[in-house]
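Paired with chain B in one complex and with chain C in the other, chain A is shared by the two complexes that follow.
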Partner chain A sequence: MKKKLIPYSIILIFLIIFAVFYKSLKDTNIYTPETKINNDIPIFSAELLLSNENSNSTEIFELDKFYLLNIWASWCVPCRDEHPILMSLSKNNKLIIIGMNYKDNKKNAKKFLDELGNPYEKIIVDKNGTNSIEWGAFGVPETFIIYNNKIIKKYIGPLNNELLIEIQKIIK
Partner chain B sequence: MKIFKNFVIIFLLMTINNLNANENSERNEITKNLRCLICQGQSVYDSDSDFANSMKILVDKKLDEGLSEKEIYIYFKEKYGDWILYDPGLNKNTYLLWLLPILIFLFGGAIIVKSFIFKK
Partner chain C sequence: MIYSVTGHYSLILGLCVGLALVYFSIRNFRNSNQLDTKILTFSFLQLFFVLVSFISLIISFIISDFSNETVFNNSHTTKPLFYKISGTWGNHEGSLLLWLLVLTIFIFIFILRTNNQPIKYKILTVGFQQVIIIGFFLFLIQTSNPFNYLFPVPDEGLGLNPILQDPALAIHPPILYLGYVGSSIIFSSALAATTLKIVSTSWAIHIKKWVLISWIFLTLGILLGSIWAYYELGWGGFWFWDPVENVSLMPWLALTTLLHCILVLERKEILTSWVIILSIATFTLSMCGTFLVRSGILNSVHTFANDPERGLFILVFLFALIFLSLFIFFFFHQTSKNNSSNFFWLSKETSILVNNWFMMYFLSVVLIGTVYPIFLDVISSQKISVGPPFYHKLIAPFLIPFLFAMAIGPRLKWIRSDLKDKIYLISLLIISILISFFIVKNFNTNILINTILISSALYLFFITLRDFFSKKYKNFAQNTAHFGFSLLILSILFNNLFSSEIITNLKVGETYDNSKTKIVFESINQKKEKNYKSIIANFNITNSEGINNNLSPELRIYNQPNITTSEADIKTTLMKDKFIVINLVQNQDYFNVRYQVKPFMLWIWLSVIMISLGGLVSFLQKRI
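Presenting the complex of A and B:
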């Protein structure tokens, strides 16, 4: 009995190790934060890009309206790719698009909007990146859908045509 | 009198220095336990990436607002989930992580007890 126990336990240990490694083989090692929905939006006050005035979250986000917050920067290449989608979403009058200019140079940001068009109603300046962390973002571009001061959806990375249709369905 | 004045000035300068050091060490302790999400295998303290630098500024800001170390961890956990902490709490995703070492220890102990004590 005892002699049999050792080879069986060795085989069992190897099977467990194999299962663990096989499972992790398929897991992605790029971590994306849990997309916690129905989280309240953070309370903040920040400078606005085009008017140079200060504004705060309660002034920007009103109740009973759909908002899209898009974190962008003029130096970010994927932001250029998703810009036409934001432009077409801006034509929808049920949705208000707010921009957050992440760690950018004001001059470059304005040039970017002159070149590709401005879909944003207001643009918040996030000079040191702390504002976007308060939102739970960790890069550009990132997009949040907000309703009644709650984040109802979050997209990491550039928007595409499929997501455009999804967003249009949400705000219907 | 002059000596006394100089002494007071030196004392004040020394306390100011001390205050700064304390604040920084608290910030360093916190950032060492926060994971930099965009750099693999580095803490916020170790990293010099854009994200980590912003996190450091935010930790400073939260400390200024009077939040304690624990409250800051809870704040970041709410935003990014357990992964941001190097010392995750016990919950349904991490119970194996916490219990497995204890189980292995008990199992090993049982083997030792069986083979050494019962043999005698």
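Presenting the complex of A and C:
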């Protein structure tokens, strides 16, 4: 009996692996926003990019206002693509756009904004990337919509015109 | 048109021959006084049909026959002839046809060249191999037929992905496939030998050649892919721990371990279970790689098309093979009495066993890093990606004892040994520690671990270097490979430690200047080629020693498909590479410039070539 245990358990393990692979074949691998939205935003304090002051989450995010937090970096190519969309969103005064500068060089980040314009009200510096992890980000660019200190929507990857319309609907 | 028809029907004929071969093998196996000549004839016939089919596909590509769907999807009339031909295997269907071609070539050579083994074993290996070949035939004809007909016939094709239009990449797949497919021969023959209970010294000597062949090709295949990634993807790295790179590294690790076990088995009948399991693992890992890459579970440049049906076929086929081999292993294999437990602690056997466990550890790290995200996604629908830090942290510390074992192990004798010239070994150790300390001291990063890592690699380096000149030490092949490995680790470490990078945005005529490097963006030229337009930027770079270099990176805007690629300009010298790449900044006249100085790049490539050279020497060597 003991001798047969090893073969059976190995076969069982392989069956499990088969099942997992089989299921992952059926899933699409297009990134979908996580279902666990409606979470409270993380509490943090961090340096701000342009003013070189320190600030914290309660100062930045006030109640009863819509915020858009955008994680970006000057080295990130898709960030350049979505930048015009952020610029057009920044004209909407119902929405306050906060940037989070992810693992970037300050000089390059400023140059990026000089080139393409600055849609952000405030920019949080996330030099080592830990803040972004607390927000549950997977990479850059990523965008969160925040209302009453809660994340109500999350977009992974660059924003596009469809999402622009969706965001405009949300803040209405 | 005619070529597509020819190709298609010869594929079907090849499949029929495969079925006939299975029948002949079974008949011959029952009554096995001598090898049925039909087996050889039919194997040749099968090879012939696959070859005809492959050549038809190449011709369809050359004459740009867009009635063929594969040609339409992957070629274009303006493409240079060289890339028309290499485009044949630069896509899913064609690459599988190439795979099939190599499979049939290898089994044919196997039948021809295997002379001093039992007839039954030969027949059984052919049988198992035909199961694999038939599986691939079905896969090809069912889900990825390269000869699908298109009507109405389009005037122009869609073009080959520009980043695949590269000489290194034209030969990377064939070389890698030779390695992968070679492992299929090892797989079938290990299964055959297990069934017949002839896993023995003489079998080991026979299979060693095949292990070496696939190992050499696999090593070179990985190297070519890495070189390509270095200058074409424009990130300036040579290994990214991308899942697709990992799936080629895993069979390599398994195969390397197998090679070492075979070296033991050809002298003593021990480690038989290791050999069988590793033979199975190497091939199933190769197949698993094909599955992961082709099914679209992992996304990368290697993912040709996301078709779940294909993924399902490979998955079922892969697991059928795994269960078949598990069944054979547990049912037929009996571990011999003189098992691995009673080795003397200081002997070559023990050191190879130590090597095995280290390799298995590295293999599991890579395996977990690659597969775990998929599991996590399925089980908890969380998306994570495992990056280089995971691998570096888990692998680097274990490299240290591994390197020491690599230095000491080969000096030990079989069965029982004691270390001679201890003073010499210890003094070399001290020298290596001192040297590496002086190298690392100037850098305030992680002195301890870097010093130990470099000194262990240096230690192996010195010992193998000295053994080249020592007369009493004869194993040239092993020494070359180990020396190459120490050089590889050293180059990688130095490359990591001493690389520097400047990223900036520049306009034509602007100058970037920090205290060490001055980059002058001198001018821009435009050029028009047959299948792309290119923008060539000219930079003049002066470093702190006053050495002046002109570098001209390029942006290529391909017409079919319309994709922009950046071609890095790399100035390679013996000690360091200067690497510059530009990117467009949208709607601006700025260019994003990335300049890197990467020491010892050339040595990384050279050392891998040296490692495979060690394999080649061993392959050509007559057994003493």
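Keep in mind that, in the parts below, the second predicted complex is superposed on the first by the 141 of 172 C-alpha atoms of A that agree within 3 Å, B and C clash if a C-alpha of one lies under 4 Å from a C-alpha of the other, contacts with A are read in each partner's own complex, and residues count from 1 in each chain.
Operating definition for what follows: a residue touches a chain if its C-beta (ideal position, glycine included) is under 8 Å from a C-beta of that chain, and two chains touch if they have at least 3 such contacts.
All figures in this text were calculated on a predicted structure; none of them were measured in a lab.
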| query | Given the touch rule stated above, what does A:F18 touch, chain B (first), chain C (second), both, or neither? | reply | second
| message | Just checking: does A:K172 make contact with chain B only, chain C only, both, or neither of them? Give me first, second, both or neither. | response | neither
| query | Regarding the shared-chain residue A:K91, is it in contact with chain B (first), chain C (second), both, or neither? | reply | neither
| After superposition on the shared chain, which partner residues are touched by A:N128: those of chain B (first), chain C (second), both, or neither? | first
| Is chain A touched at more residues by chain B or by chain C? | C
| task | Check whether A:K103 is in contact with chain B, with chain C, with both or with neither, and answer first, second, both or neither. | result | first
| said: On chain A, which stretch or stretches are contacted by chain B in one complex as well as by chain C in the other? | reply: 29, 31, 138-139
| said: Taking the touch rule as given, give the residues of chain A at its contact with chain B in the complex, in rising order. | reply: 29, 31, 33-34, 36, 39, 103, 128-130, 132-136, 138-139
| field | Residues on chain B engaged by chain A in the complex (per definition of touch) | value | 37-38, 40, 50-51, 53-55, 57-58, 61, 78-81, 83-84
| note | Listed in rising order, chain A residues that touch chain C in their complex are 6-7, 10-11, 14, 18, 20-27, 29, 31, 35, 75, 77, 80-81, 105, 108, 111, 115, 138-139
| message | Using the touch definition from the top, list the residues of chain C that touch chain A in their complex. | response | 291, 295-297, 299, 306, 308, 311-312, 315, 319, 322-323, 326, 330, 374-375, 377-379, 381, 383-385, 503-505, 583, 585-586, 588, 590
